[in-house]
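A single structure is presented below for examination.
Note that the chains are named A, B, C, D, E and F in the order they appear, and that numbering of residues resets to 1 at the start of each chain.
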Amino acid sequence: DFDSALQEVHPAFGVDQDDFEVFLRDGLIHYGRRFEHLWETVTTFAKQLHMSQRTNLLSVLLEGPRGSGKTTLAAHAAFESGYPFVKIISPEQMVGFSEPGRASRIAKVFDDAYKSPMSVIVLDNIERLIDYVDIGPRFSNPILQTIMILLKKRPKLERKLLIIGTTSHADILRPMEMLEAFNVVVHVPSLADLEDMRNVLVDTELFEPSDIDAALKVMPPTIGIKQLMLVIEMAQSKSPEGSKVSVGHFQQCLFDCGCFDPSLAKDPSETF
Amino acid sequence: DFDSALQEVHPAFGVDQDDFEVFLRDGLIHYGRRFEHLWETVTTFAKQLHMSQRTNLLSVLLEGPRGSGKTTLAAHAAFESGYPFVKIISPEQMVGFSEPGRASRIAKVFDDAYKSPMSVIVLDNIERLIDYVDIGPRFSNPILQTIMILLKKRPKLERKLLIIGTTSHADILRPMEMLEAFNVVVHVPSLADLEDMRNVLVDTELFEPSDIDAALKVMPPTIGIKQLMLVIEMAQSKSPEGSKVSVGHFQQCLFDCGCFDPSLAKDPSETF
Amino acid sequence: DFDSALQEVHPAFGVDQDDFEVFLRDGLIHYGRRFEHLWETVTTFAKQLHMSQRTNLLSVLLEGPRGSGKTTLAAHAAFESGYPFVKIISPEQMVGFSEPGRASRIAKVFDDAYKSPMSVIVLDNIERLIDYVDIGPRFSNPILQTIMILLKKRPKLERKLLIIGTTSHADILRPMEMLEAFNVVVHVPSLADLEDMRNVLVDTELFEPSDIDAALKVMPPTIGIKQLMLVIEMAQSKSPEGSKVSVGHFQQCLFDCGCFDPSLAKDPSETF
Amino acid sequence: DFDSALQEVHPAFGVDQDDFEVFLRDGLIHYGRRFEHLWETVTTFAKQLHMSQRTNLLSVLLEGPRGSGKTTLAAHAAFESGYPFVKIISPEQMVGFSEPGRASRIAKVFDDAYKSPMSVIVLDNIERLIDYVDIGPRFSNPILQTIMILLKKRPKLERKLLIIGTTSHADILRPMEMLEAFNVVVHVPSLADLEDMRNVLVDTELFEPSDIDAALKVMPPTIGIKQLMLVIEMAQSKSPEGSKVSVGHFQQCLFDCGCFDPSLAKDPSETF
Amino acid sequence: DFDSALQEVHPAFGVDQDDFEVFLRDGLIHYGRRFEHLWETVTTFAKQLHMSQRTNLLSVLLEGPRGSGKTTLAAHAAFESGYPFVKIISPEQMVGFSEPGRASRIAKVFDDAYKSPMSVIVLDNIERLIDYVDIGPRFSNPILQTIMILLKKRPKLERKLLIIGTTSHADILRPMEMLEAFNVVVHVPSLADLEDMRNVLVDTELFEPSDIDAALKVMPPTIGIKQLMLVIEMAQSKSPEGSKVSVGHFQQCLFDCGCFDPSLAKDPSETF
Amino acid sequence: DFDSALQEVHPAFGVDQDDFEVFLRDGLIHYGRRFEHLWETVTTFAKQLHMSQRTNLLSVLLEGPRGSGKTTLAAHAAFESGYPFVKIISPEQMVGFSEPGRASRIAKVFDDAYKSPMSVIVLDNIERLIDYVDIGPRFSNPILQTIMILLKKRPKLERKLLIIGTTSHADILRPMEMLEAFNVVVHVPSLADLEDMRNVLVDTELFEPSDIDAALKVMPPTIGIKQLMLVIEMAQSKSPEGSKVSVGHFQQCLFDCGCFDPSLAKDPSETF
């Protein structure tokens, strides 16, 4: 079966644990049925590609609102694929590089991957990789074109490559025809279900069990898991060490971060 | 006659089998009457040019929706022309080259072709060769102009050159006046006929004959042959080794790839 | 508690007192309840981040009209954080540097910060850092992208980084998606309340107490504290040395600076 | 008279027979009254300039639809002028040159011409020389400006220069003010008259005399002579060697090249 | 008092008399009450800044129609400030410098000023310094940004800097937010009052006193003082040496310069 | 008086007779009252500037339709000024120079002029000097700005500079504010009066006196003198040597040059 099959491929050179550390360290909260479905969908692709006889290139795009957990999901799925070559290409690595420099860094990772029998590449935050800004709009066409080509360039027959992209701008990747250049598009939603939120709050172990219901009451209708984790953390830092988060602090921090009432969210004139 | 005539021209230097391998390896499925007509149309041009007394430059554009099989068709037709010089110019070869570098790579292939008595050049995925993106729109005018000129530049009298272009953007090549710069335009359609689809499914030998009708039932009204081959492959990798593809897996994979119901195709909000 | 905790961190290399001098020298006027609330909000973040267990990156944007005191507020809050590494990135430092030079100066400050256990970086006047001008509009996308990435790049686990941005163009940072890239947005308003204005006038000790009411009468409905300080200074320089500011001079200088009647403010045709 | 006068000027250095070969080799078909008028108009200018006492610069633009025979006409007229210096500047020579490189190649030819007592320069396909594309539109302003200036730059008194331009985009040269920068504009039309078409078919000697009327029946209302020659050639290559072109093949090839029914011409969806 | 205070600051290095000569040589005509008010307004700022205790940066913009005397006013006010460092930055000095070269020339003058205890810098003709042209519009954003920053960069505590800008395009400096970046905006109007015009005519001593009234009759409703001085000069050069200007010549020259009837002013079709 | 005054200034270095030859060789036809007025207007400026006591910079723009004789007029006026330094800056000299190269060539001529006591500079065909094209529109802003500045840069006190510009695009120089940057604008019209045309025809001595009336009958309502001279020349070259121009040939050549009926002028579809 699949798992034993993978054990034959020893993680060798190419897994970039240092780079990954920052994306993996906070861990995934398995917050329920919805998350399990998502997790299974995403992790299945590595297995399918591994088993496949003819297909040797598969590309999956994780798209969803800001802070919904796309990068963490992609990094974990890549890391747990068991593939010998796993790399993340993220905008953070691009600071200080010129446009052609960045295009060739991206191409370099793919070139390395083509030499490994099985590889996963995470293209994190694609709109940022291509310098997208909605005014104009402006973006780096050279980097966009490089990615468009690499999304379709098939490795030699005996090599396999899985590409996992992440974006919170499916809306702009579509007219660029990048959305459809991916074989599969998976939606990663914000938390919008009370049960899911409850599971997250419980999992953090930062609330008194008796406070959970009150905390859920002040929660906005939808919130990204990244934002929620930050708000809980901020609330915790307001509480005396050792004690749990008070619902009052939690509500205050939701407000400070502009997510108390989503209809007012981040409208600065409301912050003061 | 034509075939024996060609045998006199020994395939010499210039056929770039390595480059072609990736485009030829999966083979063509001869899925019926419609395909035969297409295949004959496309392969006739090499013969006509060979026989022609005055004409020594002929350009053919294969245009059609994404994944309809244009590149594979062009590569096979070029390879089977029997011409001594056969080259493919594809975006994949351009990664990492600057704009002028890419223009001169393209010109270099043509320059080499002008030295051979009979040559075929495939210009694959022209919109990508010219860095086209629909926002703006933006594209590389230097590369576009290079191609426009090379499409009309006639070799010396005793040389012959066949150019086969592919594109899924006839709509944008038209205002660029590149569409009409080709002598002939051939449409390569998606699969849209049940008989054609049946032939493809049968040809793969991956379905139980008794499942074919059920599989056709879940098929979308139209699908590119490239997409279809990928979906079948993905479905196969879900099935135990040695066994055939189950219709359930096939339907699931159609859904994952966003082509279960074409009216919903690739709308990410429906994927989850 | 927090303060004693910080005392363990000795201000070491990295606090750039020279650079800060210019932003700190005029001091803050504690002009009442509204200011205290603002000051507490802004200074709390450094404490929260210090206490936080998981969060190691926090970004706060101070936005408000021209001259409302954003830079001074940011500089004081940064300086009083007690963090060992405190730097201000301001447009003034960028004069004479090319676009890539400026992007890499910004990146350099962050790189240095990543090496300190606790850092504060002030990104002053962001619209000017990115060369924004409303005609076009034009701005430096490379610098914008650099800032966008650095706003999200998390330091290593054992490091903490607080980013305080200032801008009077929340309206343009929003479509650039930079507004929402900050974790918290704090509005810094102009003076609009008579009590606040009175406190400022009193605090300067430049008016005869008996003149304060008359001075408040000629005040425009709203005025930035920066503008108000300048006007008072100009009025003072008209008065004989040693004597207090006369209300007449004050009114004249308000007029000269285009803020006598805000409905006419800075309309040059009214100045003469 | 003129002809004997010219015989005194011996074709010397400067006639670029190699370059011209490709434009001259297929010859002109003298297809009747309309062509004779056109030919006389175009060839008269060289004689006029030769006789002229004061005028030493004359510029003529041949404009007309794609494939109407402009380049061939210009090349023949230039070659038959009998002038000692005859050069063609065509886009084909520009492949691989940078924008300034191309501008200076053009200027170089003119510089050489200024040294000869009598010169003809053909500026072939001006819209391509200036990299024109209708999207934007974009074009090379440096090259455009170079041509605009050279069209008006008069040689020294004792030198004469005839410039013959060709274009199928009179519509875009007009707003560029290049159209009016030429002293004379001559329209080169497509074939639109049955008598002219008959003359062409007869002249090729590739049809059975008895088939001519049938062939004329399947002809589109208008067709460029370049397109017509290609279609006849393609039809011929379908016929057994030695035999004449069948009307059926001719009609098929008209269809393949998208010119069977001009209302459908080159609409790819009709090709299949 | 102020004047004796200034005498302590000896004009030292830094006053660029050569550069100023061209702006000072023609002198100011003190043409009446309106001018005195303007002159006093403008010259007061240097005194105020000198007396000021806290303020060490003051910026004043002189804006008004073409030729109203802004540059002359700014140069005289700067020169008469008595400050030890006085420089003019004018477009004329920028000819032949590249865009970054010009930005750094500007920055260099400010850098020098920061080293002097008291400095005045004239930024002459700002729209020209930034290469403004109303088509597009286009301008040099790097130079604009440099100026925007320098307008707000405060010298060290013990230094004082007065910036006097001039522009005839307040309308475009406003959307660039440069207008409001100046602390004070002063309007410099054209001559529009008969009394003012009379004073100017009398002051030149070029008219017979008895002709003044007739000359005023042919005057346009408004005229820049620069234009008026030129017209008088032209009229004078038409008159025999030694004699006064005739009203007829004056009227003719007004007409030649397009300012006879302002409703027709500079409409070329009327000039002939 | 003026003329004897000038004789004291010996034509020295700086008059560029070679450059001028091409502009002077055909001469001016003094075709009547209208021309005399124009000629006097234009030649007066040099005299005025020479006599002027304070003014040392004068700029005159000759604007009018294509081919109305602006360049010839400017060149003759400059040459006959008798000034020791006379230069023409024309687009023809700029071929092959880069944008900054051209800007500095222009600046160089002015720099040389500033060294001569009295100078005339002709800025010929300004729209071409700045690379203007109406599509976009596009032009060289660096060259435009250079010219704008040089038009206002005054030489040292003891030097005098007359600038004569020519353009057929007053319409575009106006929004660039270059039109009003000239002190005087003079309109140079096409020939539109029968008497003027008769004078030109007579002056050429190429018509039989008895043919003049007939020739005037076929004349278009307006025609540039440049165009008219070319047409007469072309007609002459059709006539046997020694004999006069026939009205028939004249009419034919008017037609060929697109100016037979101005309502049809240069519409290519009418030429054939």
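What we mean here is this: a contact is a pair of C-beta atoms (placed from the backbone, for glycine too) under 8 Å apart; a residue touches a chain by one contact, two chains touch by 3 or more.
Quick caveat, the model's predicted, so the values are computed rather than measured.
Note on connectivity: the fewest chain-to-chain touch steps from chain C to chain D number 3. Chains touching both chain B and chain C: A.
Overlaying the C-alpha trace of chain A on that of chain E calls for a turn of 120°, given as a multiple of 5. Relative to chain C, the most remote chain by averaged C-alpha coordinates is D.
Annotation: the chain B:chain D pair of sequence copies touches via predominantly different residues, less than half of the used numbers being shared.
Averaged C-alpha coordinates put the centre of chain E at 34 Å from the centre of chain F. Averaging C-alpha coordinates per chain places the centre of chain D 59 Å away from that of chain E. Across the assembly, chain E contributes no residue in contact with two or more other chains. Starting from chain E and moving next to chain F, the ring of contacting chains follows the order E, F, D, B, A, C. For chain A in complex with chain B, the touching residues are 38, 41, 47-55, 61, 63, 100, 103-104, 107, 110, 137, 139, 141-142, 144-146, 148-150, 152-154, 156-157, 170, 172, 175-177, 179-180, 183-187, 189. The touching residues of chain C, counted against chain E in their complex, run 21-22, 25-26, 66, 91-92, 94-96, 98, 128, 131, 133-135, 138, 229-230, 233-234, 236-238, 241, 256-258, 266, 268-269, 271-272.
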